[in-house]
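Following are the structures in question.
One chain, chain A, links the two complexes that follow: it is found with chain B in the first and with chain C in the second.
Right, the complex of A and B next:
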């Protein structure tokens, strides 16, 4: 709706970034307090050091692995329960309140319990990611499968697709795909938060652990340098899914 | 999200509650009490925490930081959002930073907050305030920009002046967006206050969870989790209802 063209916006944003970086550098040097505000040059040097030493990629690799395993698990669980809730009123009334409550409870509040029950290891961390990400997937599966267009179902029936399970796979899932992708996009955003929460709270492994340990050493430049890739990871993942989502809008 | 289910039944959720609590009790009794607490123990712990006043004190601390931070976010976020929406160039330039900050998990920003604000009340207030102010102002800006061109055209052709334009076209058009921002901001605020209480100074309801984890008292943690979940549900449901009302209003206007 904006009256300004994309090109204008891009140009303004580029100038904005340049001004911002210069202002930061100048202010930081004037303040001369690397603890609270390290200059951009120091942050970039720290980032380069993290890249060259391989520390960053090792941490990112661990984080991304955790994220992918967690999101796959969340998708499977969300799918099973979402399908159940969509197809059965009984399941809806019996299960939905718990998932709604899980949705509004901050994941961080559940982490200590997960820690006690499942330990410090990889399974515990995966469960934190699942707890963060499962509800948007479940809700999108439930609403997507419930609202499958009746005419498509009728056509499939008349071509001899019988029974709920074949119908689920031939018609309902495909019709619901755009909604499912929207759920996955929300879940990915929350999953990144869950991943960071798990790694930071458990203080080991991944990009969250990296940030936490540099924070404990009060090396603010390294803290900034390791937060940056994490933000980019989250934004990149969500943007990627949004792209796929836009392509899927055939209905 | 699943609002269009036809027949609301009271019996099934109750039945499911009985099944879940009963199963939890059975499983809970058979597991090491250091790891797991059955509902009876949680209830007992709840009464104990109430009797000593620990829970009330914790809840007061949490609610204070939450409400003050959120109120500040509303007071600062809405005008800032209006400026961002009305002055498009400023909004465009600022948008990427706000988006980047908003999508960064807050737990990783905690080390920075410690060096900037310490671990006290101000630090927690900042965790609550900043992220919900971003949600509110970004949504407000969107609302201001999305004034319907046809309505603006009509108002112009009747020679509405700036005040009339704002009063009758721009503000009513923006309000549904602002209300959506208020809801997202509130969700962010709740998470923010708990992060602050668990990672900075160990106080409030988040602090109760953290202490429960250190003392190996799962019942204590569960008490605080249940209260936080209830608080969150109440606040989000209230704002949800509020939002739906304005959504309908938008529908009527369209």
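Right, the complex of A and C next:
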């Protein structure tokens, strides 16, 4: 396959979307069952209604706030434990099994525990996002800090940087940044999932709450109209991080 | 000021001894890397250090830089015992040691920023030395955009920007192609004469060792010791004539090669017995 220009890729994507939407609309009208498959026109009308009523932006605001607080908490916690297992072999062998287990356990399986330990308020929801997002950050911090280039540490020391903490900030973290950002990008994707789980299974709220409550009322067109912004939020966040990531690379 | 201290050696090593553990285990066997190195380097002297690989040249330089501490003995810089890196010594690294995320100017300014020098004067100093190594057109380039030779010029400019009297160079041109290396040697000679620095220069290249030095220090291995030091009394500036054709050059080089060769033969005999 030959390389494609950006313009060509955009064109292909647009054509793909248009074909998909037309097929959907035609099929939905032929089936004539809005419960299982509402036509695109109905979904767009529902979306417009959600926007005009302000419901969507309120939900989106709640969701983004939860997501950001959760990701910040996950970053802080991931950093502390990641740095710990990067520094200490003992800590690595002691803690690694738990992090690996957490990584493969579906967040939704932990919701009942979060509910009894932390309640269904905001702290509980933040913890669900942290559980979903923390491990990729933690592992990327650990591997990024462990692989710090020894020669650059020597350079910094020879020019007068003294002590572990200054070395951490002048060399280790900066050298690890591309890896850290890759971890953060993964974490953001998982964080969106955690956010939706928290909003549908702990207490209804945000975008997840919209989806769940419209689903319960069998308003499938509104369900689709709520899923769309959720996906866009995830894609937007991951793209943003990927962009920062590219700027931090030096080759 | 300078006159009062002119008799003090730039660097003095007394009984430097260094061992390394063979593994992380506390009771692991230790090998002797350097055994009783005594050395005095004059202010303004250009000293090259050569020896078979594994003789501890780089370890010795790292000890002079205080990047590692010897087990026994002391390092004195201009008459004072040192135990950590300081402002009077600046290092040039074999693989350049540039921060890949910093531009040329930011790399050269790095030591000055560590010292909290005001940005303005740091910039001026850095620019001066970037011009000195002929890289003024690449001030805002990143290391990966530069050739090996250019990257090492940045490394040299960074060491110069510290204003240190002593340059510690660890096989600085070892990773650079032969033709560029000759240019770099010539340029280093010019800068050394302009700036009156003391230089300790590690190399594994015999020609380079003789070409640059006031004095060549030959090390032997297993454990690393000073085998001999040989003065090189070729007229300077040495790039104005065919220095390699000079009778004195061949003599020193031949002598060094004999000694090195003996060491290598011994080493081979040990390995095969």
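As a working rule, the second predicted complex is superposed on the first by the 240 of 251 C-alpha atoms of A that agree within 3 Å, B and C clash if a C-alpha of one lies under 4 Å from a C-alpha of the other, contacts with A are read in each partner's own complex, and residues count from 1 in each chain.
As a convention for this text, a contact is a pair of C-beta atoms (placed from the backbone, for glycine too) under 8 Å apart; a residue touches a chain by one contact, two chains touch by 3 or more.
Owing to the predicted nature of the structure, the values given are computational and were not obtained by experimental measurement.
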Ask   = Which partner does A:18 reach: the first (chain B), the second (chain C), both, or neither?
value = neither
Inquiry  = Looking at A:76 after the superposition, I want to know if it touches chain B, chain C, both of them or none. Which is it: first, second, both, neither?
reply    = neither
Inquiry  = After the superposition on A, what does A:51 contact: first (chain B), second (chain C), both or neither?
reply    = neither
Task = Once the structures are superposed on A, label A:151 by its partner contacts, choosing first (chain B), second (chain C), both or neither.
result = second
Ask   = With both structures placed on chain A, which of the two partners, chain B or chain C, ends up touching more residues of chain A?
value = B
Key: Touching partner for A:30 - first (chain B), second (chain C), both, neither   = neither
Query = Which of the two partners, first being chain B and second being chain C, lies in contact with A:117: first, second, both, or neither?
reply = first
Ask   = Just chain B (first), just chain C (second), both, or neither: which does A:174 touch?
value = second
Ask   = Of the two partner chains, chain B (first) and chain C (second), which one does A:244 touch, if any: first, second, both, or neither?
value = neither
Query = In their complex, what parts of chain C are in touch with chain A?
reply = 62, 65, 67, 84-87, 89-91, 93, 95, 97, 99-101, 110-111, 114-115, 142-144, 158, 162
Task = Provide the residue numbers of chain A that touch chain C in the complex, in ascending order.
result = 151-152, 154-162, 170-171, 174-175, 177, 248, 250-251
Ask   = Across the complex, what residues on chain B touch chain A?
value = 1-2, 5, 7, 9, 12-13, 15-16, 19-20, 35-36, 88-89, 92-97, 99-100, 103-112, 114-116, 145-146, 149, 187, 190-191, 194-195, 198-199, 206, 209-210, 212-213, 216, 218, 221-222, 224-225, 228-229, 232-233, 236
Key: Residue numbers on chain A that touch chain B, as the complex places them   = 1-4, 9, 12-13, 15-17, 20, 35-36, 85, 89-90, 92-98, 100-101, 104-106, 108-110, 112-113, 115-117, 139, 142-143, 146, 189, 192-193, 195-197, 200-201, 207-208, 211-212, 214-216, 218, 220, 223-224, 227, 230-231, 234-235, 238
